[in-house]
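Please go over the structures that come below.
Two complexes are shown next, each including chain A; its partner changes from chain B in the first to chain C in the second.
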Partner chain A sequence: MSSTLTFPDVFVNASDALNRDSINTTSPWLLAFRERQLQQLKQCSLPTRKTEDWRYSFRHLKMSDAIAKPLPILSLESSTASSLDDSLVDLGGDLVVFVNGHFAESKSRLPSDASYTIKRFSELSEEEALQVSEGSSSDTSSFPFAAINGACLADGIYISIPKNTKLEKPIQLHFHAEGEGTTTPRVFLIAEQGAEATLVEEFTGATQTELLTASVTDIQLNAQSELRYIRLNTEAEQLSHIGLTQVNQNRDSRFKSFCMGLGGPVRRHDLKIKLLEPGAECSLDGVCITLGQQHYDNHTEIEHISAHCQSDESYRCIAGGNSHIVFNGRIMIHRDAQKTLGAMSNKNLLLTSNAEIDSKPELEIYADDVKCAHGTTIGQLDEEELYYLVTRGISPDHAATILTLGFVNELVQKIPNESIKERTEARLENLIKSAFQED
Partner chain B sequence: MSESDKSVDELIKSEYKHGFVTDIESDTFEPGLNEDVIRRISARKNEPEWMLEWRLKAYDAWKEMAEPQWAHVKFPQIDFDAISYYSAPKSQENAPKSLDEVDPELLRTYEKLGIPLHERARLAGVAVDVVFDSVSVATTFKDQLAKAGVIFCPISEAIQEHPELVKKYLGKVVAQKDNYYSALNSAVFSDGSFVYIPKGVRCPLELSTYFRINEANTGQFERTLIIADEGSHVSYLEGCTAPMRDENQLHAAVVELVLLDDSEIKYSTVQNWYPGDENGNGGIYNFVTKRANCIGKNSKVSWTQVETGSAITWKYPSCILKGDNSVGEFYSVALTNNFQQADTGTKMIHIGKNTKSTIISKGISAGKSDASYRGLVKFGPNADNARNYTQCDSLLIGDKCGAHTFPYIESKNKTGVIEHEATTSKVSDDQLFLCQQRGMDAERAVSMIVNGFCKEVFKELPMEFAVEATKLLEVSLEGSVG
Partner chain C sequence: MLKITNLHASVDGTPILKGIDLEVRPGEVHAIMGPNGSGKSTLSQVLAGNDSYEITDGEIILDDQSILEMPTEQRAREGVFLAFQYPVEIPGVSNLQFLRTAMNSIREYRGEEEIDAVSFMKKAKEKIKQVNLDPAFLKRGVNEGFSGGEKKRNEIMQMLMLEPKLAILDETDSGLDIDALKVVADGVNALKSPERSVIMVTHYQRLLDYIVPDYVHVLAKGKIIKSGGKELALELEEKGYGWLGIEDE
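Then we have the complex of A and B:
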């Protein structure tokens, strides 16, 4: 595997090829959308050591030109089907499955009634298409992968929840990827006034060669709406995932996110929240664990643009083996955002001396009547707690596992879905166990 | 609030007290920087060949470098060819041997500044090495120090008299190529202080240097080198004021501290350079590189700074904790008002085992200013049982200022513990109300609250400095109640 990537040329070529192949089957707005993103992509360059937003993760971006092509179309009857079935846990609600960037109808279950809209980008009406094109502005200068997503976008999912609709069951989106190339999952969700829903995004997959997932999720929350957002990364080795989630919140809307990073060699997730109108609230929780040579980079940015907004953020990370975890949280309070409350907490556990944790909690504040705080710790398990458990006849490895699990459990318990909670807990326990066995 | 608003306006408008230009004839180079200028600076100081080569090497490196852009400050591009790189009072030829011989004009300058040099020197027991613009003109209490074996002299003199020490340590803590401004300083530095504390000596006096920038359009490039040999102890004070003028002045100093086994250096700074007028015109650009290298075991370095002046402050006093069990401390109060911008903080680089560091940073922004804390805490793979505690608090006064925090926390050791806390808030209305209820005016109440906010840092300052710092803060802040 060569490690050079001719950027952005190879992706520009991939986008051109995509346009050639699908010019007759793609709706005009999507072609125009791709074209706009392509123009942005042409201006991009890959992050380097000097790119502040990528100073800790640039070195993990090891890709070759082979990655710049769409993934092969997989037959759902072949061997992949079993690996997909293994990873797919049905939550009982509406389910949309994408395999290698293509909608897998036989695996999906779309809503039987018309309580809300969920469709593929290829089926959008003009009005809906306009919402997507207008609501998907990405700053690609510091995040070129969003431009890759846009320029190579084959299909996406559009969700619209009408006024005052409260969805009991979660909307489950499952993205599965295999083979060599790039996949570009894209989600656009708009919650109208007073709507309430839970969105689950799960990314799974495996590859023997090189695979890049460049995902983008755009969320628009109108007045008084509420969205619980659960994001699960459970991909296997070799697969790189670089994702962006952007949320725009209007008056009195609430956004709660739960981002679980449970595997994969290179993970990066940028979560950008804009609190546009008074009374908007967000709470961001995240848990991640890395082992072996893995890398996980959490970037969050909360922009308080309007007064009387509130944000609360808590991330817990565990690094074992030779792995590397980054947390970069940024709270920015604009001049007019008076009476803001902002809190950020990042706690990290470093299990081995070959692992590395870098934390960068930033505050940028231009308004005076605010209360803002952040706290960060990097440390290890408490010797006394370990000793206590060991004196009770628990083996040291097991004791360490219990305590480590306890360290993140507080956040895991907050996941608003029983099935995911249990699954996450079980997976975390396995990963933590293997971390202590590695030593 | 209208009452206090009025007094706010009055006080904000209060002009810089120390703003005046002393009329002393100076010997100043024409603006511009090239190899010839460096040769001339070196020749003027009768420097040996190795020193000139060292400067030229730094100049070559500087030419290749670019100005750093990452700091959270905005200012117009500096024209490095419009700056004069050397300025010395003419009277240098016959350097005075005692205070009586010092140019009376100079003495009056210090008096105007409220620094009665002789009195301060005798009564407070402080030796003052006065840097007037770029050349040291008077050094007091040399005898007493000499008795203890302490060398405290201008660095230009040290280059002549103690070349072995200078050669061994100069540029070893802050490399010539370390950053853009340190390279510039290495090429053109004019003078500064040199301190050597021999083995096992506890310096009998607190060493002090007052810097004064005088000649318009002259960049001031001090170079300070302090070496604490095994088991020694020294406390060093640095304080600054500058005359009022319209053009921005560049100040790029380098301070290097070397600590051998069991030694301790306490370095305190009160900085009150001209911050520019209320419209943001003028003011000093303060781009300083300060670093301590705890080479020896059990050494301890402590930086304390009170920064109230300068239009732009770009300053990160750092500690490299190389020796096992070494300790680094950083206490800082940075106050910005009007259009001042400060991007300051520290770096704690833990390399040795059982190293400890503490960072207490207090930022106060008023007016339309911006204050940023930027700090790095780094634990290397061998820094077993290293410990860091960081607390950086910001206080906002008025709704047009900004306070920012950019900490970088990096750990590669599983036995290390890092804690970082930061808060940002304003002077609470409740506190203010309570004080006013008890008959205190808003001014005094804010001043008292701010003093309390900074107390943790002030208590680290030597006595005389603590008094001065408190006063400075009052003057700079009074009336910023919003």
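Then we have the complex of A and C:
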């Protein structure tokens, strides 16, 4: 595909160019934040074939040095606007649009009242900046792409939901990217005690060249708060995306996610949850589909640090063509995390004999009074089920599409937003239909 | 309607059907009885077009055309319906979606328009009541978590929706209590018409009290060894299969 990436030097050298928009920022904390991340990036090394964390996906990690530059600035009046408008589905709540790393004010709709705070990193007060600095992913050694994000950060989005505030409508973040280079979206959300909200992150875009999105989302859930998190990694198949979502949960907080992944040259999403205090619960759902030569890697990690916490995880993956999916789900139960309830399920469907799915559940349990279950299956469509549908007059291709959709339907039906649910259903149906037409 | 001549079929090289001859005219109800392992289910599956069975000789004619080379879905669209002995569970695919897709596939084949949502729902609700199932079942996955009896009633419900011209019931009566059996029988009787035919494959005579057959055939070791009227079933019930020189395994 291209020459080898010399990493991380190429990003270290390019970091000034990458964050050109804020290089003259008057926000000293952002400069300091970026500098710290840059120092960390310098300590990072490129994953190799032997890096356990990249074992299955390493072979897809092919990018040229040309990627270490900012995406071009796009005029919202140009052709971009139409491709953005096509991909942007307004959910009716507050909306923040970024195009190639730039805040697109004319496409956004910020809250009309002051029920909560949403603003750019460059506008933060000292106190807010401190929250971000303290609550942001620090362990970049295991995930160097988070350091790329930090070191090359132009700006980010800060969201703070005050105590006992319940937001009825979703907060919609839309990141659109086109052209050649790298973009580094970054989100920080803090839900104060008893707050409730839905956060939607959607990534769209198209390119004829190489494009990398290195995204980071940090979420801090304080006591009794609840966040529903919908992440749609649904860019066009030419785009690469390596992203991290990190969640810290305090007492009795709840985190419920739905992550949808479509394949690309190299795609990966790491979802890391820390259950820090008793009573915290998380429920992680994921659906992933790849076709042709595409790749997608789901990495999840749930750390049960405190007692009486609960986690429930269900990921379903479908691989067609010559594509490749990875599911790596880790549950770590620390010594003090007694009375933990943990359940992890990963079911996978291979549509062709050339598709590959690597599923790796990892359980590390150091407490002695826990209930923790995990299960993985990898299979093909059931011949008996296909036959049953066909005896009712349904064509074999159509039957295969229905069954494949049925495989992920249970999770799709749980998406806590009707508009996204319908859109996801339609999108999956088209993709699955095309998978069976390919053959 | 249906004419089977000298039908031979095998599975994995083992011959199961060894020369079946059977003619079913429009409006007739035929019962096929016989001991376990006689080939009853094989005959049902072969008619529906299950490709795990190999037809080694013979002919099946449906309405003047051979269906041997006809794929399963086309047979269904031509009006063949098989009520399964063991219907599969398909989680994630709702009964409604499944039925609507099936109906529209058949309508499209006949050059008819897709059924509109309102008429479809009306019909589905009517038919599910007819087989005494809770309408909430329509929204559940196909047969998902259904009891044995509910699965069988769901088969009959599908049959009533799709209105086949040849319905094949493969031991639909087995495992049913008397109330469910009556529901199944009422469903089949409701469908009966001068244009439609029914083949009932059964192990027991009991079903035939409720769906009265025009003909009864005894299948043993892959062949029809005796045919008669409905009184043959009573005779079998009374005497077993021994007097025909075969054993009920």
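Keep this in mind: the second predicted complex is superposed on the first by the 427 of 439 C-alpha atoms of A that agree within 3 Å, B and C clash if a C-alpha of one lies under 4 Å from a C-alpha of the other, contacts with A are read in each partner's own complex, and residues count from 1 in each chain.
Here, contacts are C-beta pairs under 8 Å (C-beta built on N, C-alpha and C of every residue); 3 or more make two chains touch, one makes a residue touch a chain.
Predicted, not measured: the structure shown is a model, and the values here were computed from it.
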**OP:** Could you tell me if A:L389 is touching chain B, chain C, both of them or neither one (first, second, both, neither)?
**Re:** second
Original post:
Who does A:E52 touch here: chain B (first), chain C (second), both, or neither?
Top reply: first
**OP:** Using the superposition on chain A described above, determine whether A:E410 touches chain B (first), chain C (second), both, or neither.
**Re:** second
**OP:** Answer with first, second, both or neither: which of chain B and chain C does A:I378 touch in the superposed model?
**Re:** first
**OP:** Have a look at where A:A367 lands relative to chain B and chain C in the superposition and call it first, second, both or neither.
**Re:** first
Original post:
Quick one: chain B or chain C, who's touching more of chain A?
Top reply: B
**OP:** Check the residue A:L350 against both partner chains and state whether it touches chain B (first), chain C (second), both, or neither.
**Re:** first
**OP:** Based on the superposed arrangement, let me know which partner A:D85 touches: chain B (first), chain C (second), both, or neither?
**Re:** neither
Subject >> Residues of chain C defined as touching chain A within the complex >> reply: 48-50, 71-73, 76-77, 81-82, 84, 87-88, 90-93, 97-98, 101-102, 105-106, 109, 141-142, 158, 162
Original post:
Given the complex with chain A, which residues does chain B contribute to the contact?
Top reply: 70, 379, 381, 394, 396-426, 482
Subject >> chain A residues touching chain C - in the complex, by the definition given at the top >> reply: 382, 384-385, 387-396, 398, 402-403, 405-410
**OP:** Give every residue of chain A touching chain B within the complex, in rising order.
**Re:** 52, 335, 338, 348, 350-380
